[in-house]
Amino acid sequence: MRAILKKCYLWLIFIFLYAPILVLILFSFNVSRSRGNWGGLSLRWYGELFQDRAIMTALGNTVLIALVAAAVSAAVGTVAAVGIYRLKGWKKSFVMNITYLPILNPDIVIGISMMILFIAMSFPRGMASLIVSHITFGLPYGVISVLPKLAQLDPQIFDAALDLGATPREAYFKVILPQILPGVFTGFLLAFTMSVDDFVVSFFVTGNGVANLAISIYSMSRRGINPKINAVLTLLFIAVAAMMYLIQRRLRKSSREAV
Amino acid sequence: MDSKVKKFFKVILSASVVVLLLISSGCGGSRQTLNVFNWGDYIDPQVLKDFEEEFDIRVVYEEFDTNEDMYVKIANNSGKYDVAIPSDYMIKRMINEDMLIPIDLSMISNYGGIEERHKRLPFDEDNQYSVPYMWGTVGILYNTTMVDEEVDSWDILWDSKYEKQIFMINSMRDSIGITLKRLGYSLNTKNEREILAARDALLEQKPLVLSYVGDEMKDKMVAGEAALTVAWSGDAAVCISENEDLAYVIPEEGSNIWVDSMVIPKTAQNVEAAHQFINFLCRPEVGLMNAEYIEYASPIGAVREQLPEEVTGDIAFYPGVDDLQNSEVFEDLSDTLEIYDRVWTEVLAR
Amino acid sequence: MKRNWLLYPYVVWMILFTVVPILLVFYYSVTVQGGGFSLTMAHYARVFEPLYMSVIWRSIQLALVSTIACFILGYPVAMILANSPDKQQFSLIVLFVVPMWMNFLARTYAWLSIMENNGIINAFLGLIGVGPLSLLYNAGAVVLGMVYNYVPFMVFPIYTVLRKLDPSLIEAAEDLGANPVRSFLKVTFPLSLPGVLSGVTMVFMPSVTTFAISQLLGGGQFTLIGNLIEQQYLRTYDWGFGSALSIILMIIILISMGLMSRSNVYEEGGLI
């Protein structure tokens, strides 16, 4: 009885989470432009989508920014985490505090403050400012995902590798890195998710007509929503779902191997 | 384990290569670019494509919601726009603040086609900085299935019968402007008492308002989400052509008559292409495409002649000079602007 | 200490792009715009005018309501997740993460189609002869948008903590005669508090600062502090006032963080 109740509750929550997404998918196949009436199934908006340069560019920008920001955040974050791990005392708390700053700082303050900085520096607004800002709020996730993995490391392992004849370089890449790799991967995923999900920071720091998907949706929602957006979001959803499925299968496989 | 590490770095490496390729292809090519900054949904996309093809110039097109929006983006240099299309009062402000480059009319060979009535306008008396793009009025767009009575006054937007069936425009000058008109004042008033009276009226109206909207108003009015809205004439025309139940009037108290004109900001990188683009938009056939697509009134004489009589004959959309006696053009408010800003912030915030 | 060079790029980057910008905001908040270095407190004084205080108060209220709603909805989910078989856990977590990859604005905007006068809910209500109900453009719609977007932030940290709970503690409590309700109240819940606290912060913070949700679902008339800031920066061009509001917003966040004490799930391990 309790099990059934639990299941029902979980189902309700998932319905709540997925209802809007299902609606989007449904309406992406609606032949009529208006959301009010159902005009029948069609792939019309998918056809028009690929003709729409603005939306396709925005989609490309979103993926590009997320990839670059996540890669840099994971790489630099890992290196920094190794450095932070060795720190002690006030230096450590100082570095940890600036690490938590972008996580705790409200989006809108990050957005406007970076906008002011870019204006003050005459930094080119557009792709460059978007990537820099996404790296900035992604980096802390790179760091904090790796730190716990470092804490779990056996402190002797590095020296053991050296004793066995490894160079420090080899010791890092062949011994330490594989152990913290799951953390690096988590950091990459978190930074990627944050980047894809962001609207507020991008909205403030962009310029010169460069838009990611969020920005173009926002400006579109103010001008009458275009069914092509439903189509692009449906495609995005399918891509995300497929990717998650693959990751999950790989993890299952590797966990079975581990057992 | 080792191979996993390698795989991970391979993925990252190949991703960054792809990224580099994309970036280089993005800015690649020796093709010139032209940055255009215009109102949302305010050009026929085909016009941009035609321009790109004919002149081999890539158009980077960006949109804004309100004049104030556009002003801030240009003032803080967040884009190096070559052509922008703001309205009258904003053009005056930008001229005063030395933000525009004079337009070389000798490069605008189609300038002669613009009706005399739209030249030497008060905000740019010497025709130095701006070339008119579209013009129109502000009025009431209403759904005749939801509003039985005759609409001829702004008062109806304050009628509690229509509680939560009214849209207002989320645009400071327009919303305060029509309120001032309703109260019998000038919509350019610098008298603080009058502005505060408008504020009180707007606050009194707020409970009746369903939403303060931007361009999404069009979709929503067509779908019948509200009975009445403040609207710009061309948007009204677009809505009426999609939903016959809608009608548009300019209230008797008078309204705002506006002109959106093309200007070249000081930050422009490609002044020559900017002139070419402005001249292109002044071509009668291009003007006609735009007028048919966005349905605002075109200042180009030849366009007016080619449009069907039922459009140009309708005084709601192509009003003559006599039809607009009570209406005014927005002027730059200079220092009083601060009071307007505050009033509008207050209306939305309360 | 020889490895400190590893840190330099990171620390320099973070100071340049997070600390310096905040200092700039502070600078704008205490100077007269265009007036060089002349100091002023006028921007802060304006924040404390009753009108703007009411906006701040409204933001806090709506954020509190959504935080409580997220807690009520999210805690049971976290419990169910933590108690489900290991094999299922990952899939369930994934189901929570997937919507987050469909940009937050896209998800919010989808609610418009559902709740409009001509939207899906009203279409259904119309079939059974009710309505149409005016669902959008009110406080409820704004809260719904917040809950929808931020409920995963409540579920994850609680789940992380609950999963690590030693089941023998609960067994011990039940062996000692506590009924399930009592063992939950006396054992499970107190031990999960760190997760609850970080969940509460992670929901409260974005809720109190949002401007897009109130803009889209509130119809521009539910001005929150985020909307005020956006307006000052992007429309009225009053950076001084906008900056003062931002600084006040940061202080509100810091105070609420202080109230919650410093707890963070991340120090205990990643989410995935």
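Think of it as A, B and C in the order they're written, each chain with its own count starting at 1.
Keep this in mind: contacts are C-beta pairs under 8 Å (C-beta built on N, C-alpha and C of every residue); 3 or more make two chains touch, one makes a residue touch a chain.
Predicted model only: the values in this text are computed from it and were never measured.
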* Touch-network distance, chain B to chain C, counted in steps -> 1
* Asked: Which interface, named by its two chains, has the most contact pairs?
  -> A-C
* Structure fact -> Most remote chain w.r.t. Chain A, using mean C-alpha positions, is B
* Structure fact -> Chain-centre distance (mean CA atoms) for chain A and chain B, in whole Å, is 35
* Using CA atom averages as chain centres, what separation in Å is found between chain A and chain C? -> 17
* Asked: So which stretches of chain A touch two or more other chains?
  -> 35-36, 115, 221, 225
* Structure fact -> Note: chain C residues in touch with at least two other chains are 116, 118, 233-234
* Asked: Can you list the residues of chain B that touch 2 or more other chains?
  -> 73, 223
* To do: Using the touch rule from the top, collect the residues of chain B that touch chain A in their complex.
  => 1-2, 4-5, 8, 12, 15-16, 18-19, 22-23, 26, 35, 40-41, 60-63, 65, 73, 76-80, 214-216, 218-219, 222-223
* To do: Can you check the complex and tell me which residues of chain A touch chain B?
  => 34-36, 54, 60, 64, 67-68, 71, 74-75, 115, 119, 122, 125-127, 173-174, 177-178, 181, 184-185, 206-209, 219, 221-225
* To do: Provide the residue numbers of chain B that touch chain C in the complex, in ascending order.
  => 66, 68-69, 71-73, 75, 164, 170, 172, 206, 209-213, 223-225, 341, 344-346, 348-350
* **chain C residues within the chain B interface of the complex** => 51-52, 54-55, 116-118, 134, 136-137, 219-221, 223, 227-228, 231, 233-238
* Asked: Taking the complex as given, what residues does chain A use to touch chain C?
  -> 6, 9-10, 13-14, 16-21, 23-24, 27, 35-36, 62, 76-77, 79-80, 82-84, 86-87, 95, 98-102, 104-110, 112-117, 120, 132-133, 135-136, 139, 143-145, 147-148, 183, 186-187, 189-190, 193, 196-200, 203-204, 213-214, 217-218, 221, 225, 229, 233, 236-237, 240-241, 244, 248, 251-252
